[in-house]
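Read from first to last, the chains carry the letters A, B, C, D and E; within each, the first residue is number 1.
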């Protein structure tokens, strides 16, 4: 059988599901077996995604490895998946962090291990699905599928205030996503009304061409874009919609936080790039100024608030707000470097913040406390841990040579071309980031060992090999992408130019209360 | 007067209204049941009046009325049996005291 | 009355015969539930088969009083299925409270015959009779646990208000007869079409008739503000009955709406559509809001069923274009099936928990279920997610369907769509609350172990499978639904 | 001797007079039904009311229905009701309040309803004929067994169901309470 | 070996050393001891010094492939983002060569010195790893041929500074200082990065040579903006006012670090950058003035503070600031060569001075307060003599390095018509001489105030430390004569002429011949005099013990002078409190900033999140309210239905009437 015939993407997507089912039938008491099985399936999916990466042809801007099966022909709804550069990168990111997170859950998770692994694998299915779905309906389904396992992961294995956090997370996300559902249906219907056929009404590629040629009527664009925007903005999360994030992060178990920060937040940005902007360019142009302002607020505001966080995880959570602010900024200046920077920033934030949360988890395992005030002088006691953490801290602060820098710089460059003052405000985050990150690092690692830590005695061991195993890949990638960002940039070049050709030169819709 | 449909209809309306009042106002389950019978009869009167004064309906009226009569009977049966059943449990026929379930 | 007529009404007749047979078996072998159940379930199978056979070709009998079309078949099969599952779920619950299964089955079958009559009626009087035949057994079932104060209380509330609304409904029918001079559905619609077409303004009498009819059906589908009976009746009834009550009479009433409003009063759709939109908005909003603050899962599900009435009404609200009309009806019918599967499942789980007497349906009962009864907990989660409308479940696709219709209709219906999704988001809160209790809370004290009989298990599995299948492969049902909808709107 | 075709002195046609009398009786008794304190009297008043109604039926030219009315209601239902009353009679009952606390709003609502109906009836043109059409029993029978045969059968089923369920609910099997 | 390889090696070797130390350093140290841990780092620096020297020689001599205008090597395309591409590459011309000489030489010596200085520290291997990393970053900084790559190195040296200043992280003060250094630098970097963006947006390239070549094509405003923004970066890195606050605190780091990073090399990066981009500045005269102003102000500000500091390293730190001020002033007045000249000279003598101070501190057991020293000249002679040489050099006494470089700056300033620059510079020259000899006096001369417990154990440092001192003393003496002998075009001028030619021509400057018996002579005389005055004053106040010259310290007179008038008292307090800059920052960024941050957080919890929760709460309580409608009484329900019916009827009547 020909290699091209292998439904590679479907395999990547559903191998974890198979894993979940297998795990479901394993005896509850065989913890080791359950762990191993989950890890193996995650690794298989990871390996397959690497095949995708290798087989992907960056010079071809089209969606590759497409699989199309009719699903609900009445409405032209298909099972249609495919990957362009962006999808491929994000899929690989997902599969990578999935197995890392599962590995990282080995020690912390003892309660209801089986349910945990099942939820986690299903979560992975949803995440990958979102990135490869080329049918809006399918996309929405995967989008919602992500919600449930995350809800359980936070709600069951989370911290003391987990239920509040998880319900907030779900409801908040639902409000956005359900409106998005209405928007998706409205879009499809508009297409059907215009062309007289349901065929392709949910097919992204068809819709994109439609948007490029005929274009959706302006009020549909406005409504649909706003709905999409709300859904994605909540997920990103953008400035006024961000308050679910700190709670969710603080309460979630380590691996949960990792997936949340590294992948879930990317869903929103991905949605913007893939759907919101190309489908409704005029509306996007219309609201771009507003979104840019919100992004700037997020960048500065998030950083300042992060400065005074008493909780280790909360601090990183707010730093996520800042970094994702860069992403949305980069997207909505509609400028080549900006968009590439945004995508790069997505990946980097995934790696870096994921790493940070893993590290925090490592220490939480020993201290069962995240109150920064109770730490201090850790560097003397756990030098390797401190060094590794410092590495991620500086990566997060955008130190050149590490991956964080290139993304931010490209966004700045784009922003500057858009408007120097925007760039100036955004650039100020270089100071902020340094401030809150180093302030945190200083409080936790330098000085004399705090009484609390001294009280832990021998529990306070340095990082263990298996933990290191979860960190090292991330660190390596951070360095590699820092020195050779081209690896990613070449992949996404096609996506970027495709999106920009959609949106550039489109004149914004004139609103009586706007512009 | 007895030759005008309106008279009968208004009469029926009044009867219906009285029935409604009884249903809303009485406390005793059985009185409420009786009120419902009044309302049904009001409807019957309407039907017959239509049957009598609208040629298109002529015979139908009576037929329908008969059937409605039977339905009313069936309802009464069920109703009374339920009343008896609950009376066994609650030892009172006063409906407004059946308010265990609320909110 | 000819043989042709008889063969046409065969399914309906069969249902009644089966009811009779059940009673006979009970008289032959008294005090044993197995035979009666066997007869009932077997009979139901026969009924279903007959319904499908007869339904292959649209026919009429009793010169148009009885009419079989695709809608009839679809609904009949649906109702038979629901009744069958109810019969699977109920026995454990009933016998543990020593309530007789045969009588239960018989009454249930009578109710079935009633609702089948509705779905097949081509005559307003038959429609009314069908309605009565559907609800009267309903009252009895509600009070079936006759030694339980709550059950009888629910029953009498249901009965009193029910017959009150029946009287109102009947008055409305009378006025329509007076206006149109016929009881046949086509007759009515043609007459009304003539009136509407005529330059003369619609008479107040017609308006009043519409008002009374709308009130009547709004009560039967438990639309706000005519929903008051629902929570009490549902909470009081024996749980399996609640499951049945929340589905068959509701969907039956919707069938009534299809026959009466869409067919007979079709020409006046412009008038009643407005009211429907308002009702829909009120219903789903109030249903969800009140459900938020319920501590008894049963009562919560009662309010949620009110909310779902609202969602189903969206299907009728999407009336602006003929395309959206079809779309809406299809959505409504699909929703009916989906709703049946998931709601029945949810109540089945509650029933399973309450198998022993004295177990309340308070949230506390569900605490830690995830540990004690993983299967039940997972199934419950599935049903609740479906009720929330999370893909890939039946509930999601149904919701999407009606919303799509509303979006197509645009205008006020479009706004209704937005209201609907906001409601859905709010609803997630109380559905997920149960999940929270099942998986994230530990039980107080030592809860009684749960025993699930084979029948019960089958019932649960069936509804679970349906819930998933209707979500993942809607293609299976869509053509059927489409034909059914087309049967109503030519 | 020949009866004058109008009542002396008030000079109204006989059936008008009858109509008035009957309707007054009916409405009056109906009001008693919903207002009397002693529920047994209510039952009796209901019989009277239905009797008057039967009279009206005759007047309207539906003697068969009138007969059925007398049989079913005065015969069956009322008796049933009276039995029920006996069964559920509590010593205290008559002493208790007759009306719900919301009697006044109920009255208002009912009044508005009546007025509404009356107004609509008057405002509507029912294109009715001026004289009631008499229905001969023979025609009615044929209609009933052709056009309305299905409803007729269904009603029997309905009654059957009602009876079965009714018996189940009402019958007292001695079980330890 | 071809030059390209050498150029690459210069930078790569230290990196290799760093990686090696990170991986094996710790084990080597635990297994084989200190020497093993430092062997590789030393070796790589030595080699890279060798390579640097060869390359520098080639570049200066203009040998092929360098020629007059230098030679570039490019390695790989770093960022390929559509039109925007950055290729990492190195570029070597005579300017680079000068920097290479300074950096590698001093770097090498500091490494050697550290072997002795750090020999008692457990973090020995770590220290060398950091040093290597720094060398790598610094060398990349001077070699890079692309603005963005410069920026990368720019940040990396910042990182190294952070790591090394905070080397003793268990000291709270060290941790704070390192953090402060990094953040303050970031402030400047923001300007720099924006400048880079501005350059690209206008020229679509970031290649150094290309940009400098095309800069003329831009309009004046843009050029000025670019210059200003680039200046921000320079000011941050070179600790010029107002971003000077980090440098004194940076003295928390080990002394070799202070010598290498905070005196000889990293802090010069700003000077180098401005010199490197001289064509840009040359076309933005207003900005040049700004540069000059910043430089002069910093020079006098720092000098004034240095007067009263008692921590030996802080005195040197402030003198570094003030010398950097000189360099900026030079850049501002267009005396680029002079700036570089002073940069090199200062690199050597300030490096020397710091290493000396380190040796002193070592001798008196980690005591840095000069009030607890004195009379050390006999006990640690090598340190003493080398430090004396350094002080003379910095004071601008001929014929040592400082004299030539400083005089060239002052002379240029005067000739280019920046009289105010000259005047201040002139004054500062005197102040410098004064506080340097105050330092010498307090430390080496007079009676010993050393803690008696330590007194007997004071001894000269080991050879590892003294040899570098001597080696550094040599250039301190000779570099001026060698490079800057002003008759005709000095050697350095001839080297750098091609580099600064475009700038000079753009600024429209013409080199006047040097006139010893003319203006220049007068100026030289003047500055030498003022330096002498400074020294003499210092002797008068703090004593002298120099062969024939003998005098006692006169503290009373110092106090008398300070107390003489309100003005003097104020000046004294101002100097002591560093003109309250730290307090100002503390107020602005710690107190007020903290308030703002907390305020925002409150806003976040109570307003934004509050709204979210409020909506949820409202919905739920609405449900709670509505459920009361369900009274449980049938009649109430019935009434509800009846009312509903009435409303419905009316509604329909209305609707129908509307048709």
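By our rule, a contact is a pair of C-beta atoms (placed from the backbone, for glycine too) under 8 Å apart; a residue touches a chain by one contact, two chains touch by 3 or more.
In this text, all values refer to a predicted model and were calculated from it rather than measured experimentally.
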Minimum number of chain-to-chain touching steps separating subunit C from subunit E: 1
Chains touching both subunit A and subunit B: C, E
Separation of subunit E from subunit A in steps, with touching chains one step apart: 1
Chains linked by the largest number of contacting C-beta pairs: B-D
Per Cα centroids, the chain farthest from subunit A: D
Central subunit by CA centre of mass proxy: A
Taking each chain's C-alpha mean as its centre, the one farthest from subunit C: E
Euclidean distance of C-alpha centroids - subunit B vs subunit D, Å: 7
Averaged-CA centre spacing for the pair subunit C and subunit B, given as whole angstrom: 26
Distance from the mean Cα position of subunit C to that of subunit A, given in whole angstrom: 43
Chain centre separation (subunit C, subunit D; CA means) in Å: 33
Where subunit D touches two or more other chains, by residue: 100, 102, 105-106, 109-110, 113, 116-117, 120-121, 126, 147-148, 151, 155, 158, 161-162, 165-166, 168-169
Contacts with 2+ other chains: residues of subunit E: 616, 627, 630, 632-636, 638-639, 642-643, 645, 649, 653
Where subunit A touches two or more other chains at once, by residue number: 171
Interchain contacts (touch definition) - all pairs: A-C, A-E, B-C, B-D, B-E, C-D, C-E, D-E
Subunit D-facing residues of subunit C, complex: 1, 9, 16, 19, 23, 61-63, 65-66, 98, 100, 103, 106-107, 110, 113, 117, 123, 125-126, 129-130, 132-133, 136-137, 139-140, 143, 146-147, 178-179, 203-208
Of subunit D, residues touching subunit C in the complex: 116-117, 119-121, 123-126, 147-151, 154-155, 157-158, 160-162, 164-166, 168-169, 175, 177
Touching residues (chain side subunit E, partner subunit B) in the complex: 627-628, 630-635, 638-639, 642
Subunit A contact footprint on subunit C (complex, rising order): 370, 385, 389-392, 396, 400, 403-404, 407-408, 417-418, 421-422, 424-426, 428-429, 432-433, 435-436, 439-440, 474-475, 478-479, 482
Contacting residues of subunit D [partner subunit B, same complex]: 13, 15-16, 18-20, 23, 26-27, 30-31, 33-34, 39, 42-43, 46, 49-50, 53, 56-57, 59-62, 64-65, 68-69, 72-73, 76-77, 80-81, 83-85, 87-88, 90, 93, 96-100, 102-103, 105-107, 109-111, 113-114, 117-118, 121-122, 126-133, 135, 139-140, 143-144, 147-148, 151-152, 155, 158-159, 161-163, 165-170, 172
